[in-house]
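Take a look at the structures below.
Next, two complexes with chain A in common: one pairs it with chain B, the other with chain C.
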Partner chain A sequence: MRAIEAVWPDRQGRPRGFRWRRRYVRVATVLESWREVRAWWRGEPELRCWRVEGEDGGIYELAQSADGWWMLKVYD
Partner chain B sequence: MAYLAWRLGAIAEPTVLAAAGGSTDYAVVRGDTVWDVGEALWDRGGRPGQAFAALKWYGGEPRLLAWRASCYQAVEEALRVWLEDQARRFALESTAGMAGWGEWPEADTPSAWGSVLEALVPRWARRIQGGVASHPLLARWARDEGGAHRLPHWTLAGGVIYAVPWQQEAAWWAKLPLRYVEDPPAAWRRRGWKRVGDVPGLMEQLRCLPPAGEKGEAPVRARWDRELVAGEERWEGVLEYFGQRLISLLAERRGGVLRLAVEWQGEAGQRLRRERRWPEAAAEPRRVKARLVDLLQLLPPWPAAAVAVEAEVGPIAVRQMRWWGPDLRPAAAGMGTDGALDRQEVLRGYWDPWRAVRRGKGRE
Partner chain C sequence: MAGVHLHVHSAFSFLEGTAWPQRLLEEAARQAIEVVALTDLHRVSGVVPFLEAAAAYGVKGVVGAEVTVAGWGRLVLLAAGDAGYRALSEVLQAAHLHHPRGAPAVEWEDLERWGPELVALTGDRSGVMGRAWWEGGPRLMEERAHMLQRVFPPGRLYLEMTASELPGDRQFHRLLADLGAHRRIPLVATNAVHYPTKADFGLFDLFACIRLGQPVEAVHPERRLNAENYLKRWEEMAAVLAPWPQALRNALALAERLEPPNLLRRRHSPRFPLPAGGDPQRYLTRLVEAGVRRRYGARWRAVMGRVRQELAVIADTGFADYFLVVWDVARWARRQGIRFAGRGSAADSVVAYALGITAVDAYARGLQFERFMSRERRETPDIDIDFDARRRDEVVEYVRRRYGADRVARVATYQTYRRRLAVREIGKALGFPSQELDRLAKSLPEAPLGQIRERWEAIPELRRFRAEAARMRELLRWAEQAEGLPRHLGTHLGGVVISGEPVVAVGPCERSAKGEVVLAFDKRDVERLGLLKLDLLALRAFTAVEAAVGAVRRRAPEFSYEAIPAEDPATYRRLQQGESIGVFQLESPAQRALALRLRPECWEDLVASLALIRPGPIKGNMVDPFVNRRRGREPVRYPHPDLEPILAKTYGVVLFQEQVIAIASTLAGFTPGEADALRRVMTHGRSHAEMARIGEQFKAKAIARGVEPAVAETVFQQLAGYASYGFNEAHAAAFAETAYRTAYLLEHYPAEYFLGLLNAQPMGYYPVDILLVEARRRGVVVEPIDINRSAVAVTQPAPGRLRLGLGMVPGLGSAGAAAVVQNRPAEGYRHPVEVLERAGLDEDQVATLIRIGAFDGITQDRTGLLASLWARDRLGLLPPRGIEPWPWERRVWWDYRYLGFGQRAQFLAPWRRELERQGFLSVAAVRRRPLGQPVRMVATVYRPHRPPTRSGRLVVFLSLYDETGVLEAWLGPQGYQRFGQWLFGPRWPWVTVIGHVRPQGLAIDALRPWRPPRMLE
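Presenting the complex of A and B:
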């Protein structure tokens, strides 16, 4: 899980574009979203997760917590 | 010298300027990083990208404003549109100070850079610190540390631009800190290497690699057709044939495969086309063949009369390469992984159909 420098959400909070590895990726489709209750007994915050398809053809999983946005996974 | 790297300050963002209440002594802060500074703070030495704690060294009592993504979105998008139109290649590195670089091949004197700089300042910001060199890595370094190394410079209203003289570039390449190379391998740090000149062969490779930006070189397209002899060939042979051609093309172009299309023609003349594009280039032979297999397995079963493969080759990023190997060449390019799965990823593997079931050892 790596921090994402900047994510631009729409009014519903869904990611519309984000910066990843010095590239701006515009979101083409939000494929799925879910919430994850993590190890709360260790103080880990709840995550709101998004699986999105970028206009570059990549599939990315983004997560939003109170601390900011995170990249969970990039599908090749 | 064709590359300009910049960092902007006092960015012309109406909501920030309104929040500053007319003052030019302000800093936009996100977490522990300074994202933008007003003219007064810039002139005292404050720069975007610095640690928040460092602001105390520049005196005054700057007004602190909280960063919001929506603040700079419009400016960044407008800047990107302008760069796509004006620059041959470009990359926006960070939203902190809208740092980035661009290539203008015809600009080789301060006066030639004038029109580019006039478009940046004061159109997008009122302060700029820049670096000019023949490669974006050197230009970025000149921008950040040109003053400390007393590089030749010229000043303009609102900023200073440092230039790396082309006669001395070899010497400056050797001194370039490794932090400017994207994701340098940890092994280099363990060996005590800190500069590009310390790593055998790295300088030569970096100098001749095309920099990967948001608007890069146009991809190279290649197409191979092959008539098949029924009963004599199998998919393994087809894969080997196209795979070898693709790999030799990648080696020749020093790039990776970005897009593949396979056209299949059945014995009755029917045609089928399957195509896929990947977000990052791959050059490692094993990965290239895996991408080819991905497409071939979407085709109908054997026999076929003819198969054609079309490939698009683009540049590979520095961070994708394995620099340290027996032949000291950037042979591998693929998506990186973080290695061990964390606990949450193991849990996702139980319910998420996107994830293959992996019985790896979780890391608590």
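Presenting the complex of A and C:
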């Protein structure tokens, strides 16, 4: 799980675009969204997650927590 | 926007829900949710508090349950009205009774039979559609939907869409929508709620870990991925399920359509089987009249006025059948020779006395019938009967035969999370080592967990956890949330319901661990559901009495327990000395201390004693005035002259609940029923505002009748302080009967009575070790367990002698003990290997018998016997090889290690000479010392406890004992801070004590563990 440099969300909080590895990726489609609790007993925050398809053809899993935005997975 | 939740679990889903129904409804009302369906897993046990709370919060409560359909997954079933509830109950009962305990499941044929009366929702990811999707994809979903449509008519089957926000929801919901469109099955929105708010998820997840038997750090597919299954506001539901507005609309429409069943306003009393055309009230009247003539002889006419009043109330409230049912049970037990006694407020009734249900003459004692039942109350009266514990199940079986197996069931109890269980289970889930949890659980004082958490540093026995304090406190925080929640279903000790129709019409039954059929509601709920309940309790004291009386009759056949002389001076002399260990209800340290001060001389003193050692009189400081007035050290005063007839027998002190009722009637003109209602409010509703309201009512009425305002105020304050914890006189009188008779047995037949007590274990306040100390002290010779002389139970080989029984050996069990006795050769066993072979015991069991000296009658060389047992060498020991027997102290030590008590002597007896040389006194020697003298002693500690106090200043009370007797002792708050760690948690049983002799026992100044000076292994 790595921090994402910048994310541009829409009014519902869904990512419209994000900067990843010094490249801006515009979101073409939100494929799935869900919420996830991590190790709550260690005080880890809840995550709100999105699986999106970027206009670059990549599939990304992004997560937002109280601490910021994170990249969970990148599918080649 | 108002909303609905049609799939909601409470804590009655046992480890799949975290909140009482009341808490869920409170939260629902806060979120403006208008309809809630309670759908606990495989049960409807929460339905009574749910429907009551729903009415209180103005929420429509729908009843349902989630079930596992065998091989398919879960299905939510909702009951529409009474017919639906009956169908739901039938389905649940079949699921429980036709499957192994703990693994209920609904078979397809049961679903086909009862399903058409129900509404089904297909559940969340663990539901039938979620499982089908996972196991076979859309095709299997289609197949199962088709099957379900064959059971549930159109409009009674819904595809459930949950707002759980799980990965894959988008695809799953789309498949559900396609399936719904294709098969014309409507969608419905739920949130599969398992906890009221998001903040409760942690506890829910810990419960999941407990259920799955794993620590919180380990992953498991059955644990929820997120914290979304809470009571969401409808706006949140709408936002998550925005693509499926029809699911939301359908939920609202379905909730509108479902009506709650009418469960709380019915009565299901059985009809007593009368001769053709008989009228129960008339039949009851005839029986009572005959009973009154029998009980009162020539005085019967004088009693009839009171009897007619009672019969009129019984007729008006429609409980004639109930009395006949109970009379019939009592009559049957009497005919079978099963010892019993009615207890509780039933003894306030002359009718119950005339019918032979109770043994207390309510007329002679002037007891208030209204404490038992009244026109105003209209609730099923409570009749509790104690039976000889060994034979109680015969009585239950009789009731079952008499009224039909489908109309009789045992009552359940909800086993709730107690502090220690909560700490152990949640601690284990949080990854604490079990040894550490054991130490913590054993060290917890008697106080709410929240208080312990806040006062951690001030509790001496918790200081040993200093390094871990932060983690431990966090554990207590979670355990505190679990405390009091239902954990699983148990069986009530004596509750049996008898219904006029099959019990399943009221609710589903389950099977208990003992295999009995148990209605899955507790005692309170059963009453609210209008069922007739009998408390058929198993009382071990009667078992002890039965055994003792049997032993007495073997040497004095003319002896009759029923004809024990009424006021035996020797019995009272013994009680006055506080020597009542073993006496029913009078043996506790508090009762014995009271006896030293009260010096009981008659039966009435015993009735008062039983009522005095209760929180009400103790907290209301009534014990001292009562004792002083009884002993003539203080004048008897009455707050108002009209109260003299009511309070004369208790020397002006309010001691019994019946007196509360009588005072309210006499002073304030309450009708007896109103007065009892006042008592009940005082007992149950102790909110400040409510008490103030009743107080005003009481005072206004009293003043209107000419009572001085100050007097009215004083009397009310007395009543209020007392009523909440008071005892009823009828109950005290019923118990005093048995208390006196057992005291008589103890005084005149100590060997026989101790035989009874030892054979009825576990029972009473004191353990076997102390009972044996007492028996020896009373001159009884106790012979140890012997492989060739002992029976299974304790026996009496000669007057004044007891032989301990093989049934007392842990790990042998009654079956093992019986096998030893039954297979014993005529000439006796000659070698342990013979026991192994003939009785079929295992080596460990026989080794235990060797270690406790059961073979000492053959040879005292226990080491040699053990060696030959392991070697299966039957010749090695015979004849005895003349090896030195083990030293006395070692033999006693092994008794304690393997039996838990000293069969030859109390643990400290072998050390007495050495202890005396060192200046340590025995219990008997301490007792002989003058008051105020400092003493040093070594003693065994029993039952240290620190009752909670409002001030938080804790005093520890404990019993100290050795081979010479028992001494009560206490340790003040400062001493507790310094020495509490030696008394609580895992501890050494023997202590060295320094203290001062006081009238009630020993005030401890200092203590530390005492260890035997030599190795004993």
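We take it that the second predicted complex is superposed on the first by the 76 of 76 C-alpha atoms of A that agree within 3 Å, B and C clash if a C-alpha of one lies under 4 Å from a C-alpha of the other, contacts with A are read in each partner's own complex, and residues count from 1 in each chain.
FYI, a contact is a pair of C-beta atoms (placed from the backbone, for glycine too) under 8 Å apart; a residue touches a chain by one contact, two chains touch by 3 or more.
Note that the structure is predicted; figures quoted are calculated from it, not measured.
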{"item": "Chain B versus chain C as contact partner of A:8, first or second or both or neither", "value": "first"}
{"item": "More chain A residues in contact [chain B versus chain C]", "value": "B"}
{"item": "First (chain B), second (chain C), both or neither touched by A:35", "value": "second"}
{"item": "Contacts of A:24 with chain B and chain C, given as first, second, both or neither", "value": "first"}
{"item": "Contacts of A:46 with chain B and chain C, given as first, second, both or neither", "value": "second"}
{"item": "Chain B and chain C contact sites that coincide on chain A, given as residue numbers", "value": "36, 39, 51"}
{"item": "In the complex with chain B, residue positions of chain A that touch it", "value": "1, 5-9, 19, 21-24, 36, 38-39, 51, 54, 56-58, 68, 72-76"}
{"item": "Touching residues on chain B, where the partner in the complex is chain A", "value": "31, 69-70, 73, 76, 80, 91-95, 182, 214, 276-280, 282, 317, 319, 334-335, 342-345, 348, 354"}
{"item": "Interface residues, chain C side, partner chain A - complex", "value": "165-171, 201-202, 205, 216-217, 225-228, 430"}
{"item": "In the complex with chain C, residue positions of chain A that touch it", "value": "31-37, 39-41, 46, 49, 51"}
